[in-house]
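Heads up, there are several structures right after this.
Consider the two complexes below, in which subunit A is the common component and subunit B and subunit C are the respective partners.
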Partner chain A sequence: MASSEDRQIVFDNVSKSYGEVLGVNHVNLSLEPGITSLVGPNGAGKTTLMNLMTGLLRPSKGTVSVLGVSPSDPEVFYRNIGYCSQFEAFPRGLSGYQMVHSTLMLHGLSPQKAEERSWNVIERVGMTEAARRRVAGYSKGMRQRIRLALALAHDPKVLVLDEPLNGLDPMARNEAIELFRKFAESGMHVVISSHIMHEVDIISDRVVMMSGGYVVAEGDIQGVRHEMEEHPIQILIRCDRPGLIAANVFEQDSVVEARIHSDGLGLLVSTRDPDRFYDLLNRIILQHRISIEAVSPADENVHAVYQYLVGGNGMGTS
Partner chain B sequence: MNWNLVIRQIRTISKVEIARYVLARRWLGVYLAAFAPVGLLALDRLIQSRRTIPSISDFSQIYAVLFQTFVLRLSVFLSCALVFSQLFRGEMLEKTLHFYLLTPVRREVIAVGKYLAGVTAMALIFGTTTLLSNLLLYSNSPSMSSFFFEGPGMSYLGAYVLVVVLACAAYGGIFMLAGLLFRNPIVAAFLVGVWEAFYFILPETLQKLTVMHYLQSLLPLVIDRGPFSVIIDPTNPILSVLVVIGIAVGFVFLSGKVLRRTQIAYSAD
Partner chain C sequence: MAVYKRTYTRYTGPLTDERWRFTILPRFMLKTVFSSRIALLALLIAMIPHLIALVLIYLRSHVDSLIALQLQDMAQELQYLNIDGRFFLVVFAFETFISFAIVAFLGPGLVSPDLSNNALPLYLSRPFSRAEYVMGKLSVLALLTSAVTWIPGLLLFFLQTVMTELSWATGNVRILAGIVVGSWIWILTTSMLALAMSAWVKWRTIATASLLGIYFVAAGFGTVTNEILNTGYGTVLNMASNMRMVWRWFFLGESVYRVEVGPSVTLPAWTGLAAMAVICSVALLLLAWKIRPAEVVR
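Now for the complex of A and B:
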């Protein structure tokens, strides 16, 4: 019977330094299948974490295993992993098709099977027409698509994608996001680093927030946000009588602030106990027959949480 | 181990590598070095400035000097240094090594695949140019056909081609490892170059620690290396071949082991 580690990506007290420069420090993570986003500014350690996860780097301390396999066993390890890295370069003289086909041959497929699957995956990333051309002549977006094809070609169980949406046009982005969702729904691990916060919000099942080589928070974004007691949750209410709500919310000690919008049709409430606040809000609405347009958390998103945790706004693409 | 898979992986890597070589700029130097003797001899054949035609043994001596000084010590050695030291170092500099390292292939197999591609290409180039230069030189002699079909010509030619292939194999292994170990393999190439070029002034025991001694043992003619040379008995030809192949295998094996510990930190390279 498979242990839980056989379906997880596990970092056990992993540190990695480059000489005196710290890459990541004391990372303990157990990632379940689904979409996990790595979030952090340049130099936070996201790419180092991905390179450790894919065996391109060895930890200075600690161990990494993916689905119970160590990177020191490449014959098994790389059957499970597809990595779409940020490295720009491609070997000279090869076409996109040759890259994908030879990779599949190295995975042990017969030439016919490799050819068939190469064209399938090339079609999937929308590169059929350009596949016979040398990669050297590809645009940034085309290179990104071929990198994606290389990562997907052998049907990995773990897909690691370093800024996978860079260089893709909006339509291709949506298709890629849809594809990642499908993979996650089929039980795969999809680990993504992205600096585009609203995309991370849309696609992630969980986030790993990094700063200065440390993991500062991890989990699903609502869970991480709710654990941050020092920062009250902000709730936005759009309604016809915000002043009436504002006058009544302070009966709860946990409500620390209520700000009425300048248009007079909205209210931003900060509370340390959102569950109790929602009960109170329901009572106020029913009691005063207030017409509500929308109620939504205003800072339960990756960007806001990261700001609270780390401060500054240097979100980048490390 | 699934040997069928390993052989297919080696073939795939070699095929990809050879496809890449066609466009690599560093191969221009190799072609120039390899075809230089052919070009010179072809030019000489066209001009035909000699008043008297040397004897066949003179031609053999001329070729021995040309081969042992220019072809073996300079052309083959430098080309191997240029090509094999860059098999991995070049990929690190071009930031493309991760493509191989992300495949489910034993690191030793990657080393063997790249090495065999290099040896095949180099052996083909230098084997061909050795053949051509040898035939071109002897074509100046009216007794060429009797030398080749009745005399030792064919065995001489076979020995030269064998030596050039073995030289590519041994130096290829050495320089592949140097490229993996050192950021700047030129220093290692220079040291190996001095050691190999002046092997003949070393004492007997040290001469036997050079590749050149075993290659020299396979050559049909000995050339005069001046007053400082220490002349020792050649090693048995079969043993010489085995030793050179052993050196190549050993260095490729070590390269595989080093590759196992290689990490992708391109910015540090």
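Now for the complex of A and C:
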């Protein structure tokens, strides 16, 4: 029976500094399988964390293990990891197929086996027709697909993807997200760095928020948001009689604010106890037969949480 | 948790030997080199000194046939030609420069594209170390320069042995050692230097110019140093002279090298070897500094 650490990515008090410049500091994380997004502005330490996770950097302090394996055992470690860097890093003159084929050979496959599997993974990312062409002639989206093929080729259990959706058209983007979901559902780790908050919200099972080299919050976004007691949760309600709801919500002490929209067809309620508020809202709606168009949390997303925690907008690609 | 039915399963078959994975890197590079007509022509030209030597060795052993063919003059000339250490010294003096030219032409394009494209994580996020990366790149230059140094050199040695008798080979083991060991000293030094230049200078033309600068300008600087300080140790700045010391020690058994330009002084032959070792070490340090798996953005 595998221990829980054998299925986790574990950072144990990890610090990494570049001379006097701090990369990450005192990071303690245990990531479960699923999609994890790293969020933070430039210089927050996201790429450093990814580099530590993929063994490209060694920590100045602490230890990193991926599925129970340390980077000091590269043969096993790199069989588990597929890394897709944010850079358009392709040796000159090679075709997409040659890139994937060489990568598989670096993993120890014979040329024949590597060829067989190369075509398999190339087909998986929808690049069969263009695979014989030189990477230099590819569009940005095609390069992104080949990068993904390189990361996936040896069928890793942990996928680390730095800005994987950059340059993809909407259709390819949706396909990629769907692919990541399937990987996560199959029990894989998919660690993503993205500065597009909307995507992070859609994709992630959990987020790791970083600022100045520190992990400032970690977990599923609702969980993180609910822990922030100093910032009441905002709930958006679109309905036909917002004034009636506003008049009744203050019977709860936890409700701190109710603002009616200028169009008179909705209101924004701030509460410190959303569960109790939803019970109350149900009662008010039934009692007064109010017609409801939509009820949704207004700031239960990565962007809002990051703003509350750090004050910045969380955008960046570091 | 729903389980996605996977059709692409992990490879569980036998793996290739880790020790030889560095040979994956030269595969496509050599293909590129050999697909270029200019590079192919340069390699053929580089073999000319060995081809001439091959013909001379053959003819030297067939002087009687030349006389029979009424080629007395040529036969007479060849009778004075000794196939000995001095003969190999001349051949390898040419090849020293030619192999350097190959390294200067191809070396700068090996590492810099990977660095400027941030391609190193692509290699190093696999079971592939920095040392293997350098070995892989080095092997491209080593293979090509071997083709114009020790491999044809060994052919010459064995041809001469076949044309004469085994006693010639046993009496000239020093030459055999010189062909192999001396060539590898030169191949490693020049290749390491070229890779270091390629890692530090991103523009290929500038990197090539820097290499030629080290070869020619440093030699001139060494001569000036000798003249001004009235010493011979400026010679260690001259890569070709350093190698000449090594060749002379191997082929002629000379443990002392007379400085050719400048004051009339001598140097122990080991200074040439030591200078090459220093160049190699510095190049290795430069490579270790630059070949890093992750770009550090400060």
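General observations
As a working rule, the second predicted complex is superposed on the first by the 316 of 318 C-alpha atoms of A that agree within 3 Å, B and C clash if a C-alpha of one lies under 4 Å from a C-alpha of the other, contacts with A are read in each partner's own complex, and residues count from 1 in each chain.
By definition in this document, contacts are C-beta pairs under 8 Å (C-beta built on N, C-alpha and C of every residue); 3 or more make two chains touch, one makes a residue touch a chain.
Note that the structure is a prediction, hence the values are computed from the model and not measured.
With the C-alpha superposition on subunit A as described, subunit C and subunit B clash in the combined arrangement.
Using the contact criterion defined above for the overlaid structures, shared-chain residue A:S193 touches neither subunit B nor subunit C, since it reaches no partner.
In the superposed pair of complexes, A:Y78 makes contact with subunit B and with subunit C alike.
Of the two partner chains placed by superposition, only subunit C is touched by A:E185; subunit B is not.
Look at A:S118: by the touch rule set out above, it reaches neither subunit B nor subunit C.
Legend: residue contacts after superposition of the two complexes on their common chain; A:N25 is shown touching neither subunit B nor subunit C.
Comparing subunit B with subunit C, the partner in contact with more residues of subunit A is C. When the two complexes are overlaid on their common chain A, residue A:L106 makes contact with subunit B and with subunit C alike. Once chain A of one complex is fitted onto chain A of the other, the partner contacts of A:Q98 extend to both subunit B and subunit C.
In the superposed model, A:S270 makes contact with neither subunit B nor subunit C.
When both complexes are overlaid on chain A, the residue A:Q234 reaches neither subunit B nor subunit C. In the three-chain superposition, subunit B clashes with subunit C only at 21-29, the remaining stretches of 3-11, 21-29 or 219-227 being clear. Judged by the document's definition of touching, subunit A residues 18, 51, 54-57, 74-75, 77-79, 81, 83, 85, 87-94, 98, 102-103, 105-108, 150 lie at the interface with subunit B and also at the interface with subunit C. Residues of subunit B touching subunit A in their complex: 2, 5, 8-9, 12-13, 15-16, 19-24, 91, 94-96, 98-99, 101-107, 261, 263-266, 268. Subunit A makes touch with subunit B in their complex at residues 18, 51, 54-58, 74-79, 81, 83, 85, 87-94, 98-99, 102-103, 105-108, 150. Of all residues in subunit C, those touching subunit A in their complex are 1-4, 6, 8-11, 13-16, 18, 21, 24, 27-28, 32, 113-114, 117-129, 293-298.
Note for the complex: subunit A touches subunit C at residues 18, 21, 47, 51, 54-57, 74-75, 77-79, 81, 83, 85, 87-94, 98, 102-103, 105-110, 113, 117, 120-121, 124, 150, 152, 154-155, 182-183, 185-187, 318.
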